[in-house]
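In the two complexes that follow, chain A is the common piece, with chain B as its partner first and chain C second.
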Partner chain A sequence: MSLQKPVMRGLLAKRLRFHLPIAFSLAIAAALAFKFGVTEPRKKAYAEFYKNYDNVKEFNAMREAGVFEGVRPSGE
Partner chain B sequence: MAHPSQLGFQDAASPVMEELLHFHDHTLMIVFLISTLVLYIIMAMVTTKLTNKFILDSQEIEIIWTLLPALILILIALPSLRILYLMDEVNDPHLTVKALGHQWYWSYEYTDYNNFGFDSYMVPTQDLTPGQFRLLDVDHRMVIPTESPVRVLITADDVLHSWAVPSLGIKMDAVPGRLNQTAFIVSRPGIYYGQCSEICGANHSFMPIVVEAIPLKHFENWSTLMLENS
Partner chain C sequence: MQPLSPRPPVEPCSVLGGDRRRGKEAKTDIFPRKICSFPGASLTPATTMLRLTSARVGSLLARRAAATTTSSVRMESHDHSKVSETVDMSRPLYWDRLDTPLPDKPYRDVLTDAEKSLKQKEKGPWTELSKEEKVALYHLMFCQTYAEMKHPTSEWKTVIGGIFFFLGFTGLVFWWQRIYVYPPRPRTFESEWQAMQLQRMLDMKINPIQGFSAKWDYEKGQWK
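Here is the complex of A and B:
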């Protein structure tokens, strides 16, 4: 009874066949993670900020805090 | 303005800067995709002794690794060109301000209706009042109205300077003998900081830019006051 001949060829190709799909999947996962972890929240944050943004109210608050040079607080 | 240990861009205060932020996110996503792929492949290749010395060519893989990068470049180029042309639109500005770079301060001229202008020097560190920012605050800010298209004409009096305000997405070189134009709309009231962005001598780091955006009515009051005082 003799041993089965071991696989001696195509070892690198087998390794590539195993690792390349993982590489591409990880790469796409990284891109999707960035897209849904950073890109979409940032777009949403800007949309939310400006949805109910009251220019006048914010300006008046800043004015009363005395930060502007062009317009002083209403008391002065 | 920037805050300590900041990594990303400053919060956008103009529509163009918002577009630039989203474009940067899109491009960075592609960068992470490519970097992850390449890093994984490198790790897979350096952790094996297996080789194939007999590969001569392969049409299939050559096609893949030509077409895929070309597709990625198109995905980057299309939004990029869109923003480029968006930034070039000058939609009938309501106001034109001239910014002149000097060694080492900026001066602003408002010449649309009546002439007035002023110099804008950095507040020296020893003269800062509580609440002012070191190396950023100036004695006279460039005041502009909010939600109005503003055109800025930029030039220099002596050497190269550059007028930059990151939160508005603006940077334009101030070249002696040349008038560069840029335009922007400030979305919300506030104070926006920038610094000279072209090396111009000893005090290059000490000639900041401060843009103050206030509602039109208050801007008109301010410009009337400046005219009376000039």
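Here is the complex of A and C:
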């Protein structure tokens, strides 16, 4: 009884042929998921917030609430 | 065939080749676990467990130790006429280990004449050996069988029990600490103070875009 000679060469190449496409596609999928799941909504949220942002109004609201030390509420 | 030698009392196997015989009465052995003790080197888990439990002073584990003290008493009761057996560690030693199926030397290598003649017979065709002879030859080569080595030891019960015991003790220590060691609680933990903190965070508009203040409805004065 004689055994078949086992494969001696090209083992890394064979493994890479199988695993590299999977690795790259998973990495790209992760990047795309992050882009469309996190960064795009975040950019939209910031754009929406600053579209009609009145910073003077916000400042006066904070002043009246009494959080500043340099400017006290207008009543005092 | 006449028996190889009269059966001596049951004793732990030692690596130097103690007098340990086992015959057909193996099943009714009073000493259920054979201790292949070896002076100086690492012990099997069974002996380690025995040493630990017999050293504890009357505690929760006394019940479990009761089962094992009988065997530890047996260990202490064997012959102390030799003060200490020095083992030459530079020579091959006998080990009972699950991952070493063939130890470096046979268990018994100083043989009586009857055993020597049996070894001579072993050099011939094995079909001429009777079953008892084959078993005797096995016992010359090895101390414990794999089944005996793998026999469950219940050591885990001691371990788990010890873990719970010390966890409980630690709980008591923590309780004492809470009463006698901890300083008074800072006033920032009170619910009124926490409410004031929350209001100040909303006034400052902490994270107004996606975070904290974004979830507060400023017109209605409530959480969204």
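One rule holds for everything that comes next: the second predicted complex is superposed on the first by the 61 of 76 C-alpha atoms of A that agree within 3 Å, B and C clash if a C-alpha of one lies under 4 Å from a C-alpha of the other, contacts with A are read in each partner's own complex, and residues count from 1 in each chain.
By definition in this document, a residue touches a chain if its C-beta (ideal position, glycine included) is under 8 Å from a C-beta of that chain, and two chains touch if they have at least 3 such contacts.
Quantities reported herein were computed from a predicted structural model and do not represent experimental measurements.
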item: Chain B versus chain C as contact partner of A:11, first or second or both or neither; value: first
item: Touching partner for A:56 - first (chain B), second (chain C), both, neither; value: first
item: Touching partner for A:69 - first (chain B), second (chain C), both, neither; value: first
item: Greater residue coverage of chain A in the superposed arrangement, chain B or chain C; value: B
item: Partner chain(s) touched by A:19 [first = chain B, second = chain C, both, neither]; value: first
item: Contacts of A:46 with chain B and chain C, given as first, second, both or neither; value: both
item: Which of chain B and chain C A:38 touches, first, second, both or neither; value: first
item: Touched partner set for A:28, first chain B, second chain C, both or neither; value: first
item: Where chain A meets both chain C and chain B, residue numbers; value: 42, 46, 58, 62, 67
item: Of all residues in chain A, those that touch chain B in their complex; value: 11-13, 15-16, 19-20, 22-24, 26-28, 30-31, 34-35, 38-39, 42-43, 46, 50, 53, 55-56, 58-59, 62, 67-71
item: Interface residues, chain A side, partner chain C - complex; value: 42, 45-46, 49, 58, 62, 65-67
item: Residues on chain B engaged by chain A in the complex (per definition of touch); value: 12, 18, 21-22, 25-26, 28-30, 32-34, 36-37, 40-41, 44, 48, 50-52, 131, 140-141, 143, 146-147, 187-191, 212, 214-215, 218-219, 221-222
item: Chain A-touching residues of chain C, taken from the complex the two chains share; value: 200, 203-205, 208-210
